[in-house]
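For reference, chains read A, B, C, D, E, F, G and H in written order, and residue numbers begin at 1 within each chain.
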Amino acid sequence: MSYEIALPVVLVAVAIAFIALMIEKDDLHRLLLTDLAEITGLAIIALVATDLAEALILPGLVVGISELMALSEVYLVKEGLTETPKRVMHLEVMDSAPAILGGVLVIYGIVLSGFSGGAVAGLGLLFWFFCKGHDEAFEIIETASGYSWALWIAAFFIFMLAPQYWLFAVMAAGGGILLKVMAKMALVGTMRGGRDV
Amino acid sequence: MAELIALYICGVIALFAALRCLIEKDTYLKLPYLNVMNFAVAGIIVLVLNHPLSLLAAVAYFVGSTLEANAIASAKAGGVQND
Amino acid sequence: MLADYEQVLIAAVICWLLFVTIDVLFRLPEKGGVSGASAIGKKIEADGGDLHGGYMMGNIVSSPDASAGTLLAACGVYVAGLPGGLAAAVLVYIGNRICHDPGYAGTTGAVLASLMVAGLAGIGFAPENFIAGMVIAILTIQGLSHRYASRLLGSLWGWRS
Amino acid sequence: MEPELLLGLAILIIGAVAAAFPRPKTYLSRIIVLEIPAWGLLLMMLAYDEALALLTFIAVTAISTFVMVRVVERRGEP
Amino acid sequence: MFDLPIEGAELLAVEFGDIVNYFSVYTAVLFVFALLFTVLAIISRPEKPVDIVFGGDAYYAKKIPPEQLRFQRFMAIACGLATLGAMISGDLFNFTLFSSMIGITNIGIVAAVKNKHVLEAAYQYGIVAMVATVPLFGGAAIALATTGTLSIWELAGAGAVPLLAKMLLVVGVMGEGMAPFYIGKAEITRAPGAPYVLMIHVSSLLLFLRVVEIALTV
Amino acid sequence: MIEFLQVILAVIVLLGAFATALSRDPFNKLIALGVMIGGIMPFIVDRGYLDVAVVVALVAPVTTIFVLTLAWRRDEHGA
Amino acid sequence: MIEYLIFAVFVGLLLHGIHRKAIARIQGRPGPPIWQEILHVLKFSFKETWIPATASQTLFVAVVIIAIGVWSTALFVLLTGGSLLLLFAVYMLHKIVEHGLGLSSGSPYGKFGAIRSVMSAASEIPLFATIAAIYLITGSLMISDIQAWQAAHGPLLFTALPAAIALYIVVLAKMHYSPFAVIESKEIVSGNVTEHFGVWRAGLEAAFGLKTFVLLYAFIVLFLGPMPLLLAAVAMVLLLLSLSFICALSPMLSPFDTVTIQIGTAGLIVVYVLLMGVIV
Amino acid sequence: MIRRISEILSEYENLTFLYAVLVLVVLLIGAFSLPTITYQGDDLYPKTIDRTSTLDPYDRGGEPFNTTTVAAQYPENSPYLGYVTAYLTPLSLFLAEITPHLGTTIVSHPGGIIDEILYNTRGLDTVVETSILFTAFAIASYLFRRRNG
C-alpha cells in the first residue's frame, strides 16, 4: 500500500530536480544537480522493496559515480583548470584520523567484499590519500584493477557455463569486484593532484 | 522501567540540545550544544538496543561526530598554519 | 533501594564530580588541544566566560575526554558488565588517537567510571541511570550556559594550578 | 506506512527543494545541501530493510562528494 | 517464445540466468548493423581532416596525436559492444544499463578532442546523458513494481507496463542517445576521427530504434 | 522504539534538515547536518543493523572533512 | 529477388528524372530528359575511380556498400510483407549512411553535410508516431497484416490522415531539392557526397534511386492499400508529382528551421496518437 | 515563431533545459496514469524478514553447501540457484553464531541473496556495470594524465 503513496512523492522530488536543472544556467551547478537527480532516481528503485531492488540499486549507484567522475574531468579540461590548488587545507585530525579510520574502513570493506566492500574500502583508501597526499601508485593500482575485472568476467562465465563450480565463482566474483571498485575509487583520491605531486 | 526513564531523559535532552544548537548564532558556541546532543544520542543508541555491538555503534557514532566537530572548529579556526 | 529518579540524580552528581576531577587533573583546561578547541575557548572568553574553562569545553568538544569515557563506560557496563566498560575504554583510547588528542583523560575516565558503575551496580544502582546521569551532567557543563560553566571550570582550574 | 518511510520522504522533498534552490547560491552550499536528500533516501532504504544498498549508498555518496569537491576546489571560487 | 506482429519471428535466445537475450528478425538486423560498424571502427583508419585557410588557396591536413586516436578507437569499440548488448538485451534493466554505457562511451569518444567547442558540447551532452539515467532507471523500476518482472519475455504482449514507465524509458533513451537533441551531437560531429564519431550516431540511432520496439512490445 | 522517542527524533531530524537548508554559513550548515544525522542514527540502530550504523557513523565525518576543504578555502578568501 | 532489385533501381532513377523534369517545367525551364539520372549512373560507372588521400579509406568504401545493402533490405522487407518497424528502422539507418558519407571523406564540405545530416536526424521522429498510429488502428505492424486490414476496412489514408501527412513530410524531406534537403544544398557543394566519384557515386545514385522507389511504394502500400501494379505505378507518379510541386515552389529552409518544423509536426502527431490511445 | 524556437534549439547551452522540459512534460502526462499504478513488485526475490534470525534482514533459509528456494525469474537457467544464497563462509558462520546484528556484513561477505542476484541470476548487469566504471575511469584518467603530462 505504501508504494502508491510513496511513488507520487518521489516523482515530485524528481520533478523538483528537473525544474532546478531547467532554470540553472551555470555548468558546474548543473553537474552538482545531476547528483540530486541521481538520488531521486535511486529512490524510485528503492521503492520496489525486494531483494531485486537492492541488486538494482548497486549498479545504479556505480553508474552514477562513474559518470560523475568522467564528467567532472571533462569539465576541468573544458574550463582549462589545470593548475593544482595553491594552498591545501591542513587540520590536526588529518594527521591522526586517516590511518585508523581509513584502516577500519578498508578492513571492513574487505570483509564485506563485492560492490559494497569495494565502495567502503575505496572510500577508506581515498580518505587516506586525501589526507596524506600520495606517491605514484597510480599505474600499479590501475593494473590490479584491470586484472580484477578480468577475474570477475571469468567468474561470470563460470556461473553461466559451469555452474557446478559456483563456490569458486562466487569467491572470484566477490574478490574481483571488491578489488576493481576499490581500486577505481582509491585512484580518484590520487587524482586530486594536491601537494606531494 | 529504568531504561524507559533514561530514554526519556536522553530524548528530552537531545531535543533540547539540538534546539539550542540550531538557535545559537555563533558557530563556535554551537559546537558544545552539538556535543551534548551527541552524548544524548550515544546514550539513546545503547538504550534502544541492549547488545554488546551497540556499544561499538555508540562509540563509533560518538567518535565520528566528535571528529566532525573537531574538524569543523579547526577548519573555521584556520587549521594548522605552518605551511 | 532508591527510586529511579533519585538514582539518576545521584548518578549525575557522581559522574559530574568524576569527570570534572579527571579532566582537571589531566590538565584539559590548560590549553586547547587542537586549533579548533583553542578557538572555542577564546570565543567563550570573548563572550564573558573564562579562558581556561573555555579551553576545557573546547577540548571536550574536540575529543572524547573523561566525560565521554564515563558515558561510554556506563554504556559498556550496561550492555556487557565490567568487560564492556573496559572494552569501552579501549575504544575511547582509539577515539582519542583519531581525534589528535595525545592525552589519556578519556581512557582513564572510562576505566575509573566502569569500575565505579560496575561497583555501584552491585549495590542496586542500575547502569542505565548512569547513562542518563552522565547526559545530565554534560548538559550542565556544555548545554546550559557557557559563561557560567566556563567560570566554574576556570575557578576549579585555578585551584588546581 | 512506517515512520522511517514517512520521515525519509519528508527529508527527500525538503532536501530536493533545498538543493534545487540553495541558499546562498554557491557551489559549496549546494554540495552540503545535497546531503539532505541523500539521508532521506537512506531513511527510505532503511524503511524497506535494504541494508546493503544503504551501506553502499552512503559510501558512494561520500566519494561523489569528494569528486564534486575536487572540481569546485580547482575552480577556486566557493 | 513470443511472436508478436511487431518485429517478425524470434530466431534465437541466449540465456544468462534471469537475463534472457533474444534475436528476432528486427533485433538481428540491428545487431548485424551494429556489428558492421564496430568492425569498421576496429579496422578502418581515421580520415585526415582538411582545413581550408580562408583568404588563400592553402589548405592543410590537421595533425591528430596518435594516442588520442587510439583512445577514441578504444571508446568506439566499447561503444560498439554496448550497442550490441543493448540490441539483444531481453531485460529492461539490463537494457538501461547498456544505454547508460552507450551514453558514457559517447562522451568518451569526443572527450579526447582538444577543440573547445567540441568539449563544450560534449560536456552539455554528458550532463543530459547523466540525468537521463534517472528516467531510465525510474522507468525500469516502475515497470518492475507494477508487473513484478523485468524480463521482456514475460512482459511481451501483456500490455501491463504503465504508460508512465514506457514514456520514461523512451525519454531516457532520448537523453542517452541524444536522438532529438541534435545540437549537442552536431557540435560533437566536428570532432575528427570519422569511424569513431560515426559510432556515436550508430549507437544512438540503434538505441532509439530498439527502445521503440521495447515500448511497443511490453 | 517507543513512540515518544520516534517523535522526538523525527523532530530533531526535521529541524536539522530545515536548518541545513536555511542557514547561510557553510559551517553552520555542516553543524545542522550533524544534528540531522544524530537524529537519524537511532533509527538505524533500532532496526538492529549495528554494522551499518557503525559504518554510517564513520563515513559521515569523512564526508564532512571533504566538504571542509572548500569551506576552509572560502574562509581564507574572506579573511 | 535480383530482378526486382534491378527493376526497382531503374524505376527509382526514372522517378528521379521525372522529378527533375517536373520541377524544371514548373519553374519554366526545359529541364533534363527524364532518363538523365539513369545515364548519370551509367556514366559514373565507367569513369575513373579513386579514393581521396585524406579519406578514411575503409569507411569511404564501406559506406557505399552499406547504402546499397540497407535499401535492398528495405525493398526485401516491403515486398515480403515483413515488419513495418523493420522497414523504418532500415530507413533510419540511412541516416548513418549520410553521416558516414560526409565524415569519411575528410573534406570540409562533406563534414558540413554530415553535420547538417546529424541535425536533421531529429526530424525522423514523425515516423515513429506514424508507426504508433498505424499500430493502434490495425493492431499489427506486419505489412501483410496491414494490407489485409486495408482490404477489409478501406484505405488507411482516411482513417489515419495525420499519420499519412507525417509520412508524407518524411518522404518529402528525402527528395532532392526539397525544402528540407539541407544536406545537399548548393552552398556546401554537393554536401556529403562531394568526394564520392566514379563507381562509388554510381553505387550511391543507385541506392538513392532504390530509396525513392521504396519510400513512394511504401506510402502507397501503407495508406492506399493493395492495388494492381499498373495502378500502383500511376499512384507513385502522381505522388511524386505532388512532391515535385512542393519542391519547386518552396524555398530551401535554413537547417535549424527545418528541424523545428519537423519536430513540431512530430509533436502534433504524438498528441494525436496519445489522444487516439485515450479514445480507443 | 518558428525562427524563435529554432534559435532556442540551436544553442547547445540549452540542451539541459530542453531535456529537463521534456522530462517534466513526460512526468506531467504520466501523472494522469498514476492512479492506475498498483504495486505488484514482489513476485521476484521477495523479502521475508525474520527479526529473530541472526542473518536479519537477509535470512532466506538453507544450509551451507545445500540449496534453498529463491524466487528467480527463470530458475531453470541457473541450475545451482540457491546454493550461493545458502552458503556461509566460515567467517560469516562465526559471525552469525555470536551475534544477531551483523546480518548485513554476513550477507555481503561472499554468499548470500544479493551475491546470488548480482553474480548468478543477473550477472550480466554486473558485467555491464563494471564495464561502465571501467570506461568512465578510462576517460577520467586519460584526461587527467594528458593534462599533467
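Rule of thumb we're sticking to: a contact is a pair of C-beta atoms (placed from the backbone, for glycine too) under 8 Å apart; a residue touches a chain by one contact, two chains touch by 3 or more.
Bear in mind that the values here come from a model prediction, so they are computed numbers and not experimental data.
Visitor: Going by average Cα coordinates, which chain is farthest removed from chain A?
Guide: Ranked by distance of C-alpha centres from chain A, the top chain is G.
Visitor: Would you mind checking which chain's C-alpha centre is most distant from the centre of chain D?
Guide: It is G.
Visitor: Using the stated contact rule, I'd like to know whether E-G or G-H comes out ahead in C-beta pair count.
Guide: Pair with more contacting C-beta pairs, E-G versus G-H: E-G.
Visitor: Could you put a whole-Å number on the gap between the CA centroids of chain D and chain F?
Guide: That pair's centroid distance is 11 Å.
Visitor: Determine the centre-to-centre distance between chain F and chain H, using the mean Cα coordinates as centres, and give it in whole Å.
Guide: Centre separation, chain F to chain H: 26 Å.
Visitor: List the centre-to-centre spacing of chain E and chain F in whole Å, with centres computed as mean CA coordinates.
Guide: One centre to the other, that is 40 Å.
Visitor: What's the distance between the Cα centroids of chain C and chain D, rounded to whole Å?
Guide: 33
Visitor: Counting only residues that touch at least 2 other chains, which ones in chain B make the list?
Guide: Residues 31, 34, 49, 51-54, 56, 63, 67, 69-72, 74-76, 78-80.
Visitor: Could you list the positions in chain D whose residues touch two or more of the other chains?
Guide: 17, 27, 31, 40, 48-49, 51-52, 55, 59, 62, 66, 72-73
Visitor: Going through chain A residue by residue, note those that touch at least 2 other chains and give them in order.
Guide: In chain A, 1, 3, 7, 14, 17-19, 21, 30-31, 33, 40, 42, 47-49, 52-54, 56, 58-59, 62-70, 72-77, 85, 87, 89, 91-93, 97, 101, 108, 112, 115-116, 120, 123, 130, 159-160, 188, 191 touch at least two other chains.
Visitor: Please list, in label order, each pair of chains that touches.
Guide: Touch list across chains, by label: A-B, A-C, A-D, A-E, A-F, A-H, B-C, B-F, B-H, D-F, D-H, E-G, E-H, F-H, G-H.
Visitor: Given the complex with chain B, which residues does chain A contribute to the contact?
Guide: Counting only chain A, the residues touching chain B are 87, 89-93, 97, 101.
Visitor: Give the list of chain A residues in touch with chain D in this complex.
Guide: 1-2, 5-6, 9-10, 12-13, 16-17, 19-20, 28-29, 31-33, 35-36, 39-40, 42-43, 46-47, 49, 53-54, 57-58, 61-62, 64-65, 68-69, 72, 75-76, 79, 81, 84-85, 112, 115-116, 119-120, 122-123, 126, 130, 185, 188-189, 191-192
Visitor: Hey, which residues of chain E end up touching chain A in the complex?
Guide: That would be residues 16-17, 93, 97, 100, 103-104, 107-108, 111, 116, 119-120, 122-124, 126-127, 129-131, 133-135, 137-138, 140-142, 144-145, 150 of chain E.
Visitor: For the complex, which residues does chain C have touching chain A?
Guide: Against chain A, chain C makes touches at 33-36, 94, 97-100.
Visitor: Mind listing the chain H positions that touch chain A in their complex?
Guide: Those in contact with chain A are residues 13, 16-17, 19-21, 23-24, 27, 30-31, 34, 37-39, 41-42, 44-47, 58, 78-80, 83-84, 87, 91, 105, 108-111, 113-115, 117-120, 122-130, 132-137, 139-141, 143-144, 147-148.
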